[in-house]
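Presented sequentially are two complexes of chain A, the first with chain B as partner and the second with chain C.
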Partner chain A sequence: VNASLAAFIGRRVAAALLFVALVSSAAFVLVRIAPGDATTDLHLTRGGAAAAEEARARLGLDRPLLTHLGSWVTGLLTFDLGQSTVYGRPVADLVKERAGATAALASLALLLAAAIGLPLGVLTASRPWVAAAVAPISIALVACPPIIAVLVLLLVAVSTGWLSIAQGSYAVPTLALALPIAAMLERLHSQAMSEMLSSPDLLAAAARGVPRGRLLWVHAARQALRPVLGIAGAVVGALFSGSLAVEMMTSWPGLGRLLFDAVAGRDLFLAAGCALVGAMFVALANLLADVARAVIDPRVRESA
Partner chain B sequence: VIAHTWDRWRTRLGVALLAVFAGVALLAPVVAPNDPNTQFQDKAYAPPMRVRLSDGAGFHAPFVNPQVLEDRLARRYRDDETARLTLKWFSGGKIASLGADQGPLLLLGADPLGRDLFARLVHGARLSFALAALGVMGALILGAVIGGFAGSSGGAAESGLMLITDFFLVLPGAYLVLVLRGALPLVLSTTQVFFLMAIFFSIAAWPHAARGVRAIVATERQREYAMAARAAGAGPLRLMRHLLPAARGFLTVEVLLLIPALLVAEATVSYLGLGFPVPTASLGTMLQDAAKVSLMREAPWLLAPAATLFAVVLAVQLVVWTSAPATDLFVGRRRTP
Partner chain C sequence: VVAAVGVIYWVQATRNGNAGLAPAGVVRGGRLITTHRSEPQSFNRYTSANPSEEMFARLTQATLVRLNRATGQLEPRLAREWTASPDGLTWTLKLREGIHFSDGMPFSSSDVLFTFQVLYDARVKSPVAASAMIANQPLTVRALDPLTVVVVFPAPYGPGLGVLDSLPILPEHKLRQAFQAGTFQKAWGVTTPVGDFAGLGPFMLREYVPGQRLVYQRNPQFWRSDDQGRPLPYLDEIEVQIVPEQNTEMLRLEAGAVDVTTSHVRAEDLAGLQSLQAKGIVTLNEAGVTINPEMFWLNLNPASTLAKTRPWSQRTELRLAISHAIDRRRIVDTVFLGAAEPVFTHVTPGYGEWFLPDAPRTDYDQTRARALLESAGLADRNGDGKLDDARGETARFTILTQKGHTVRERICAMIQEQLQAVGLTVDVVALERAALIPAIMGGTYEAALFQIEFDSFDPGGHLDLWMSSGDFHLWHPRQPKPATDWEARIDELMLKQSTTLDRAERLRLFAEVQRVLGANLPLIAFAAPKIVVATSARVGGAMPSVLAPPVLWNAEMLWLVPAPAGASGK
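Let's turn to the complex of A and B:
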């Protein structure tokens, strides 16, 4: 690894850590200053005001905001994310389970989307008849965000039985998440490819006698990955936002649903823990995409 | 040539569809035959009524057959073929409806509470579209001001603002809106939700616009008229006023790209029960019924809000879709480099 690449990676890692720290403390502060907390229900039901006060003291909700945040951050250093009030379990355990489920879903969907979208992009850019055949499907899929795709797939599953809708089955959630992103990648890669294909260096390579297949699938396809990696942030965002809807609709025990439970139940530590892990995922994915871009294109290393 | 014609018609089709959706939404109270929140007795899960012209014996003015509830528990309805209910046009401030004693006209059937699904869809779409429009407006104003200021001032202000932009850009929108929503009371009125969500959506959506505007304005800053303005002593704010119009085209496209995103955001948040309160109809709150797997087979018309959302996003895609130019050394038609 050369020096400029190493320096680039160093800067990016520092930025990613700062990002994670900012996002998780912002989530902590937001949920903490929200009206009502985990003890609000306690007031109305058993115990009354005295029990609520006791619970507030136990959860640290009576302490000043900054002290509270400070103790949460120190807890982080020992992987202590506090106790969830909704689930009555340590947040660290919950988040670990759920983050794994979301990571499995999201990475499988991303792999599937890339495996479908990128090669199709090469084909649609180089063969008009493929482009004509794929365009209507691609338009329809881009117009089908996960929240709609999941309903369509559930309808297909219910009426034909081709897909399993059993709890924990990967088919519906993965496809719902992957298909719109596959169409997005196909569009982008196709456009980048067709720009590459009319560039002089491809013509020069063709003149040197590089075979057509190699020109297409190696020379052009690789360079066309650059703009695709450029929107990696958007793809990761789409994966996460989409997986929230998909998790809720298919009862997938993932991070999105956990965050929903935390927000609905005013579960301070759980919300902050979810934000922490979510931010870690987002930062890591963007970091990987940046590094991949810097490896393909040295110009990227000098900027930012 | 064929591709060119298709491109033109595709755009026209998209614009026409969007115009129809906007028109129907604007005229919701006139288009919907019934009130969206009225629960009609003995109409729970009633299937859509078919508007017919012929009863087999001859042709008539458009009519529907009355629905007869056959089995309340199985929610089974039967069309009474012997009777005709002729549609009333432009009466009582509605485009089409049935007489007061003939029961409700249910073009898309009824939901589990016996409410007119078509009326709810039209009113719900109006609310969702309005929210998306307001959110887009907020996001574009924020994005144009921040991106424009960054692009026209340059230097530390530019890199600082772009750092903040990138920070917000990578946050997944749905998570961001969910956490922001978490900082507010769980129960809010429809009006409160409307304006608060518009603010949240603006916060979630501005970075993309800001980035594009920054890039355009920063390029524009190198041009002669911008340099002349600076030489004449224009500060960054004044310069921004001169440079921003260059981003007009970009912002127009951005409107089209953000509207579907915000419609989906509303649908997600309201579906989760953190958006519009019961019984307000919006595309998102209606998805709560649509997403029940057990109802999909016996009441597929409940999926109408999903179909509407799809149709709107599709119309936008038809407008913004760009066919890749098929002129290169692989396609035969040569282009000299």
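Let's turn to the complex of A and C:
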């Protein structure tokens, strides 16, 4: 069992590394081949054409794509992510700062989403009137892109004053990220709970006299977590993609905003660095979820 | 009765953002919160030509002279007075006495010499140097004594000392070592400790939190005082929050979390802000109409694909027809919700005395437009309702504009619709800014709608656009010799205009330029939006300008009304 688990983890780690390498290299190549480069805005300044030419040579943008990519990969092997042209700072420092800010926001949003979504899933599966009230709201929130959620929350914040929109306040960005995910968790958990409640082992437990509360909140809720765990990677991916809009609209200094600035400013090293860190987060979440599922359910590691 | 009148006056003045209060009502202290879209790449003005760096430099450093962005006049700054030789080539500037940098070190003419040495140094390759050239030659600067410098122009220059407006004076004692070591380009980067900076501006950087804010505190050494002898600046601190999104910025202003926004108010925000102004929450300051309207132009380079495949596109009649075919009032009402003035060229009333009100106009007249198109050789030859050229091909061209810029996209949609009404087929392609600029500057486009930002009113400072050899002669840049007679005429007039020192003659020459421009329309403008700047109602002393930065250019004169007891912001 241990050998098969170790082999499973080994395969998953290799796949994660390949995924991270592909995503970051693709970001580098896509930004490099897109029209315009980091010197574009210099063309709008007086004497800009000559300055842009000089800057292109200095930044190595006149080199062939493969040479450029090769030098980036070589740097990567020595943990040198290059220098940002938009910010004038080492990319490693920037992504470290911003990834921390995004991770803090995403963790808080995930905790909040789980704290709201999972208990609501139990309630909606077990109480029809709660389901009637909550399900339409959940469906609307699942369908709501984070940019709409953040706009609505900002409008509520300004018109009521209930939520702070001051620089650095967690309220609006956390809620904007958490609510759609809470709704997704509620829907998924509710469905899994409904199936669990009619399963033979739960019916047997009920027949043995296990109290209904314990049956619901301990036995069924725990077993229903398995499909929720299965989408952990997708949830982390959704958090990172959602953070792009949320961070822009709330001026949150995170990875999403940094990536937007990098792409808009054709900052090759920064875009690749952001993609690298984002892919690492997603790969790590997927890896942990896969391992957890493999530990819980041996069939997973056998089938993999 | 007197007391009642006094109370009413005070209430009115407060409602109007205290703009009407006498200087005696000024309150010192407080922290003003403002916003900026992007972060600085450097705190070294001479290694970056970005507007961000210029804005931050204006807070912490000072120039010899300054363009007053509200009046358009040059005013003394570190130079208290100056005289010019009769030929306008030699300018003698007397520096203020007893001035110190923010770190306490004295300022003298050697700092001025050092600044110009850095500016033109081949190793530094300053992107600012091109804006400090006259006739492609650098200025010569020498010191007569610690408080006198002589600036020699290589050629007569109409705008005079205006050329010095964007050149902050650097502390030699702080930067000489980096300059000599050849590391000046890396000096004063964004990771430099704040204690290593020194400047002659009203504020000094106290804190920079990347991605979030920059906090500036009053420079205790600042040399300027107000009319009543009180030291400036009035504010204790300015916090610049990095807010990349304009919608967020507006929401924060509405919520009272921001005092001054980085850019002017968009037409779609105006109605909402007017109701907030009526409630005494914000103050709207109108600065006039822009000097940088959106401009439409066709690629007039004879070597372009457009010129080769569709020769009719180069005809003056086509440009005049396009201008006649556009209902500018509809653009003003629809795109700018009435907050704009119809214009015909990019020289708008915002230029003040430089603007020629009776320049040729191409008023909305579809009949005239059709006649002009016919004279350009375009007619509906196959009865499909679309004009065709002499070869029977549909007359069409593509306008490139900026994706996501709602004003540009809406104007293009209206151009497309209104030109269709006279039979011209137009395609609109919106590109991301980073893709659009290389297309325009590289000449690989047919027509474009875009805006070029100028930082001064004096057209003599915009030769790159006017002269056929200029990089910003948008419709056909960098011509070895003028391709058309009217461009040759503009070259001749602008060369005289920019080298003549007699202001009346300069005005007359520029009026003539506008007549040539209006008759040939290489650049067509449709509307000049009003520049309205919003501040929170507690901000006093704002002198809004159509030039950027609209309020912070005069940060030392801004002050805050203290919040009434018991009041609190959201």
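Definition applied: the second predicted complex is superposed on the first by the 289 of 304 C-alpha atoms of A that agree within 3 Å, B and C clash if a C-alpha of one lies under 4 Å from a C-alpha of the other, contacts with A are read in each partner's own complex, and residues count from 1 in each chain.
Rule of thumb we're sticking to: a contact is a pair of C-beta atoms (placed from the backbone, for glycine too) under 8 Å apart; a residue touches a chain by one contact, two chains touch by 3 or more.
As the structure is a prediction and not an experimental result, all values here were calculated from the model.
Novice: Could you check whether chain B and chain C clash or fit when both are placed on chain A?
Specialist: clash
Novice: Who does A:98 touch here: chain B (first), chain C (second), both, or neither?
Specialist: Only chain C; A:98 stays clear of chain B.
Novice: Regarding the shared-chain residue A:190, is it in contact with chain B (first), chain C (second), both, or neither?
Specialist: first
Novice: Scan A:209 for contacts with chain B and chain C and give back first, second, both or neither.
Specialist: In the superposition, A:209 contacts neither chain B nor chain C.
Novice: Looking only at chain A, is it chain B or chain C that touches more of its residues?
Specialist: Partner touching more chain A residues in the overlay: B.
Novice: Is A:124 in contact with chain B, with chain C, with both, or with neither (first, second, both, neither)?
Specialist: first
Novice: Using the superposition on chain A described above, determine whether A:64 touches chain B (first), chain C (second), both, or neither.
Specialist: The answer is neither, since A:64 touches no partner chain.
Novice: State whether A:261 touches chain B only (first), chain C only (second), both chains, or neither.
Specialist: Touch partner of A:261: chain C, not chain B.
Novice: Applying the document's definition of touch, where does A:136 land relative to chain B and chain C: first, second, both, or neither?
Specialist: After superposition on chain A, A:136 lies in contact with neither partner.
Novice: Quick one: is A:200 in contact with chain B, with chain C, with both, or with neither? Answer first, second, both or neither.
Specialist: first
Novice: Is A:253 touching the first partner chain B, the second partner chain C, both, or neither of them?
Specialist: In the superposition, A:253 touches chain C alone.
Novice: So the two structures are superposed on chain A. Out of 56-64, 92-100, 110-118 or 236-244, which stretch of chain B collides with chain C?
Specialist: Among 56-64, 92-100, 110-118 or 236-244, the clash with chain C belongs to 110-118.
Novice: Can you list the residues of chain A that touch chain B in one structure and chain C in the other?
Specialist: Touching chain B in the first complex and chain C in the second, residues 34-36, 151, 154-155, 158, 165, 248-249, 260, 264, 266 of chain A appear in both lists.
Novice: Help me check something: in the complex, which residues belonging to chain C touch chain A?
Specialist: My answer: residues 38-42, 49-50, 125, 127, 129-131, 133, 189-191, 210-213, 241-245, 247-248, 251-252, 254-255, 257, 431-439, 441, 452-453, 464, 471, 570.
Novice: Please give the residue numbers of chain B that touch chain A in the complex, ascending.
Specialist: Interface residues on the chain B side: 167, 169-175, 178-186, 260, 264-265, 267-268, 271-274, 287, 290-291, 293, 296-297, 300, 303, 306, 309-310, 313-314, 316-318, 321-331, 335, 337.
Novice: For chain A, which residues are in contact with chain B within the complex?
Specialist: Going by the criterion above, the answer is residues 19, 22-23, 27, 30-31, 33-36, 124-128, 131, 135, 139-140, 142-145, 147-148, 151-152, 154-155, 158-159, 165, 190-191, 193-194, 197-200, 202-203, 206, 212, 216, 233, 236-242, 244-245, 248-249, 256, 259-260, 262-264, 266, 271, 275, 278, 282-283, 286.
Novice: Which bits of chain A are touching chain C when the two form their complex?
Specialist: Residues in contact with chain C: 34-37, 40-51, 54, 85-89, 94, 97-98, 101, 151, 154-155, 157-158, 161, 164-168, 248-251, 253-254, 257-258, 260-261, 264-266.
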